[in-house]
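Okay, got some structures for you below.
Across the two complexes that follow, subunit A remains constant while its partner is subunit B and subsequently subunit C.
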Partner chain A sequence: MSTGTLYAPRPVPGHDRELGAAGRSVRSRRRRRQLRWNLVVAGLALLVAALFLLSLCIGERTYSIAEVVQVIAGQHVPGASFGVGVLRLPRACGAVLAGAAFGVVGTCFQVLLRNTLASPDIIGVTAGANTAAVAGIILFGLSGLALTGLAVAGGLVTAVAIALLAWQGSGATSRLILVGIAAASMFDAATLWIMTRGSQWDIQAASRWLTGSLNGLSWASLAPLIGALLVGLPLVGLMSRQLGNLQLGDDVASGLGVRVSLTRAAIMLIGVVVLAAATATTGPIAFVSLLCGPIALNLVGAGHSSLLPAALVGAAMVLASDFIAAHLLLRSYPVGVVTGILGGLYLIVLLIRMGRRTRGSA
Partner chain B sequence: MLAAACVLSVAVGSLSVPPGQVWQALSDPSVHTIAAEAVRSRVPRTVLGLLVGAALACSGAIMQGLTRNPLADPGILGINAGAAVAIVIAMAYIGLTSAAQYIWFALAGAGLAAGAVWAIGTGGRGHATPLRLALAGAVLAAVLTSFTQALLLPHAQLLQSFRSWQAGGIDGARFTQIEQVLPFFVIGAAMAACSGPTLNALALGDEIATGLGTHVGRARLFLAVAAVLLAATSTALAGPIGFVGLIVPHAVRAMVGADYRWVLAWCVVVGPLLLLVADVVGRVITRPADVQVGILTAIIGAPVFIGLLRTRRLGEL
Partner chain C sequence: MTDHEFSARGVSVGYGDRPVIGGLDLQVPAHRVGAIIGPNGCGKSTLLRTLSRQLRPSAGAVLLDGRAIHSMPTREVAKVLGLLPQSPTCPEGIVVEDLVSRGRTPHRGSFGRWTSADDEAIALALEETGTAELAERPVDELSGGQRQRVWIAMALAQQTDLLLLDEPTTFLDLAYQIDVLELLVRLNESRGTTIVMVLHDINLAARYCDWLAAMRDGTVRARGGPREVVDVETVREVFDLETVVIDDPVSGAPLVVPRGRAGRSAGERTAAREVPA
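Our next item is the complex of A and B:
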């Protein structure tokens, strides 16, 4: 994940000022920032590709890269065609797609709500989609597209409800976060309740909605997520400039010609649909949507859209975590366990940073 | 009302018993009907509900005063989750089975969680906005819950029993277990009883509190220990139950005003009342199966939390 930084040294705050004193023009600095962004994106893309191949090659049986490439190209290779083509390829694609979806949507929410901790899994949207999905499995026996639709509906209803409850003129974003936290714990309780009522067999199927797992993905189960991403990501990409302007504050953004409420509502709406589709496919993979935004921002630096880097970070994170969870631990865990530990590490980093900041100011 | 709730709690369940027989079962140990046994088996549950409800409500009241934050609650701030993950470690990896053994783990876990939330929420600046504190708590709780899940996955046979414990319930209570951790409740209650005047002083602001002769740092530490002790002990016995510590102090404050001595005293009454009523409701709505009381308090509590947010301006929070 740190490949990008190796090539693009992070500017030291004092260093920048010296450059200004040396008479370097703004343009050259902007060019360097663009270069850094390109390098980060290229590095991340390479990393994702490498992890993708790695997860296809290694498993119960190890296949050579040549065999894997042949399978991807559509040729029939005895053994590998099933092992790679049917079992591993959908899983790896699911990891990339879900990771990208969580990364983009998480970043959108963090930017819109101007809080690095305000990712959809903390403020209740994921929890709403979860509850709907678990209810769909256990109470109504749904699967496939109907289940995805129900999860999307659950996420949307939750998001709209949270927004309506929080909407009271000023200070809406902080109230939105708090209302979301309450809604999240309510929906989690409801999910637990439904789970305790389910039969043993259904609980097995539904328990991925507690941690998130890539087990048993097939092309058919990926279809709804692919559809949502194909529609959603280009739309979010189109709005990334407005999103960047919103970061400057509502007043500045509207001064720059952004229709604040409309843009916010539109991005949230798309985000919730993409997120719920991903959640319905893989379950809520813990903390991916929380972690990607800050990591991407650290890699590319402020001032550039971090949506694409966040998508790549998400894909790389889910691929790597799934690989670690499936092969490198004592026994095979679902992917959410590893990302959960990453979330814990992030909290510790946050703590240390805050300690350093206070010591600096004291 | 509390007495009525106690009677309800022993009388109602998958087998309902009329009050007359309840009295007979409790007063005459020689009666051995099914109804009498059912009533007797519900007594420890009721006692546990009384203890846990009071402890959680007081813990919440202390936290709200300590952080000067109306949204504080052992569940929302992740303290219950800290205790829960420590208990799971103790049970799954060290093989401890009785509450008296793992309560120390619960205390350590809850204490660490409280410290971490305070550190993240304040960023070291000593005063946290409700928003930051609640967010820090929610994130920490989410991390800890996913840890708990990860620790449990290799232990499939424990998973099922943990799932009901994780939801937070006072079913399956036994007097032997309650006796073992009773000292912790007593110490916590004693500390809570002493903390009313301190909380009143802190409510006026750090400067005035210092002027009134309160050592602010020491007072904060004392209050934090009391709150964590009560929350951890409840979690060790009944699993993580949220929102009791949030709702009850607010309800009480609406009745008796802002004096923390009265607030704490009434919390001891209203907390158990809420918990027992929720427990009884949980037994009735999906007969014959129970709904864990922690699930019900969350479903009742979250709307109250949202209502609180809506009735106040954010500046007042």
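Our next item is the complex of A and C:
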């Protein structure tokens, strides 16, 4: 069938063409929204940098920013080189890396499963990694890369098991979350049981680790996490547009040319590996993976990529919480104590708001 | 606007072991508006989901310009074939323009920057659907009819030559149903877009479509223009319903008036009561 004159010619899009008025206003509105995203990311990056320096400067001995910068630059500063370079720097870097990891992975899960509650904390993936790691510490005396590997394996096995148990021909997320909560309780029980088998010293180590702690981090202990992030974050970044379109539902996403199953499986796999690597390094710093996504999304606005902002929010949250836990309380606590309290409060607020919304729409 | 050959050849589809469609053929005429009609469970949505490659046929193939769409790169298909499913998910708080912009995905890839072609396509889609003044409103604050227009705008921003819609009028009140169908017909006229949709309402389908395919038990029982498909025999065969088919006084299209399977209508009952014994 010929269409030569039947239909009005459609404007042929081209890069060289002048934009019409309507097109120009679309562009300027989008740039304005993009500006907000840029500002949020810049602001968060500054906040992370400031908290990072703060945590390097302040401690039992306080060093000046100049001294800290000199140490980072690799110069030898008497006293500071050990205090900052060996003790504080790995700890602060660990806070940034673990925070970013928890933030990104939590957001990925929440977006993929289209549910704020679907963070790995809640749906049992973290608990599975915990059980494996505690078993590694207490039963097999593992540390370092072997411990990370075991935690990754535990997280992966748990994720697959939960997905299989919840699978009913289609992915109903509420079912997945309930199965995940049940799995989390079972793994927590298993973790406790393993701890009762351990010696006094191992139990202390395991329980400090279970609370989520940055104590005693060294460059060597950070290596697995750095590796996982170096591989995982660029890959997730590569898929962030596809991830954003999955929010529109599987059908719309595939209609837009997204390879739905592949994207989902890849992001889940990378997410679990990064999460488990972070968990093996610092312990499960409570609630960070639950909190970062919603905070980041509130900052950048719905419909915009919240992965990078969530990573920065996570880094800032862990740095700040560790600073509070270590210096501002009556005695020094592990970082997970502070994030646990923050997360609990947030959950209560979330539940109250959800309750209001349900009543409002009823 | 290219003339695309789009057809289903001997397509069989099932969920698990349960066959829903068996050996179905359907040729989709280019630049026409068509509807798949039929009773609940006849396989019409399954057919649309197969045409839009959401479901993989167990036998046969859906061909786009001679190639099986299930083995083509999904992004390549997405540049030619758009889809609006029955219940798309809207991210909480997303604004209209951002949602419509998502339609540009297949043209942009993973890293492509926004081009003036993208801006032009989005502006045009907003304008044609009458949603330009809603551009910065959150989608979840809109009415059902406005929201459906926004989803259609997203599909239009994709600038595909073929557009498949799964029950685009469901959950809308009558005025919005007319609104949406007239919008689609207008787009067909202005852009030449080939439209295939699943419709529940046989009368609206007969009124707005160039061709209809009536399905029952996973096969197409009748296919052709509204006059050829909508008659007493076909409606009886497909819907198990006795009807009278008259001319729609407004459009002249065939209009199905059900007789009802048993008992009488309210009007007849009232008349019967008023007649003295």
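Just so we're on the same page, the second predicted complex is superposed on the first by the 322 of 362 C-alpha atoms of A that agree within 3 Å, B and C clash if a C-alpha of one lies under 4 Å from a C-alpha of the other, contacts with A are read in each partner's own complex, and residues count from 1 in each chain.
In this text, a contact is a pair of C-beta atoms (placed from the backbone, for glycine too) under 8 Å apart; a residue touches a chain by one contact, two chains touch by 3 or more.
What you see is a predicted model, and the numbers here were worked out from it, not measured in a lab.
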Which superposed partner A:L164 touches (first subunit B, second subunit C, both, neither): neither
First, second, both or neither for A:L230, with subunit B first and subunit C second: neither
First (subunit B), second (subunit C), both or neither touched by A:R29: second
Touching partner for A:M195 - first (subunit B), second (subunit C), both, neither: first
Subunit B versus subunit C as contact partner of A:A73, first or second or both or neither: neither
Subunit A to subunit C touching residues, read off their complex: 1, 3, 6-8, 10-11, 13-15, 17, 19-20, 22-27, 29-30, 33, 114, 169, 238-239, 241-242, 244-245, 247-252, 254-259, 301-304
List of subunit A residues in touch with subunit B within their complex: 115, 117-118, 121-122, 165-166, 168, 170-171, 174-175, 177-179, 181-186, 188-190, 192-193, 195-197, 210-211, 286-287, 290, 331, 333-334, 336-337, 340-341, 343-344, 347, 350-351, 354-355, 357-358
Complex interface listing, subunit C residues touching subunit A: 1, 3, 15-16, 29-31, 49, 52-54, 74-79, 81-85, 87-95, 97-99, 101-103, 105-106, 108, 110, 114-124, 126-127, 132, 135-136, 138, 155, 158-159, 189-192
Complex contact set, residues of subunit B against subunit A: 71, 75-76, 116, 119-120, 123-125, 130-131, 134-136, 138-140, 142-143, 146-147, 149-150, 153-154, 163-164, 166-167, 242-243, 286, 289, 291-292, 294-295, 298-299, 301-303, 305-306, 309-310, 313-315
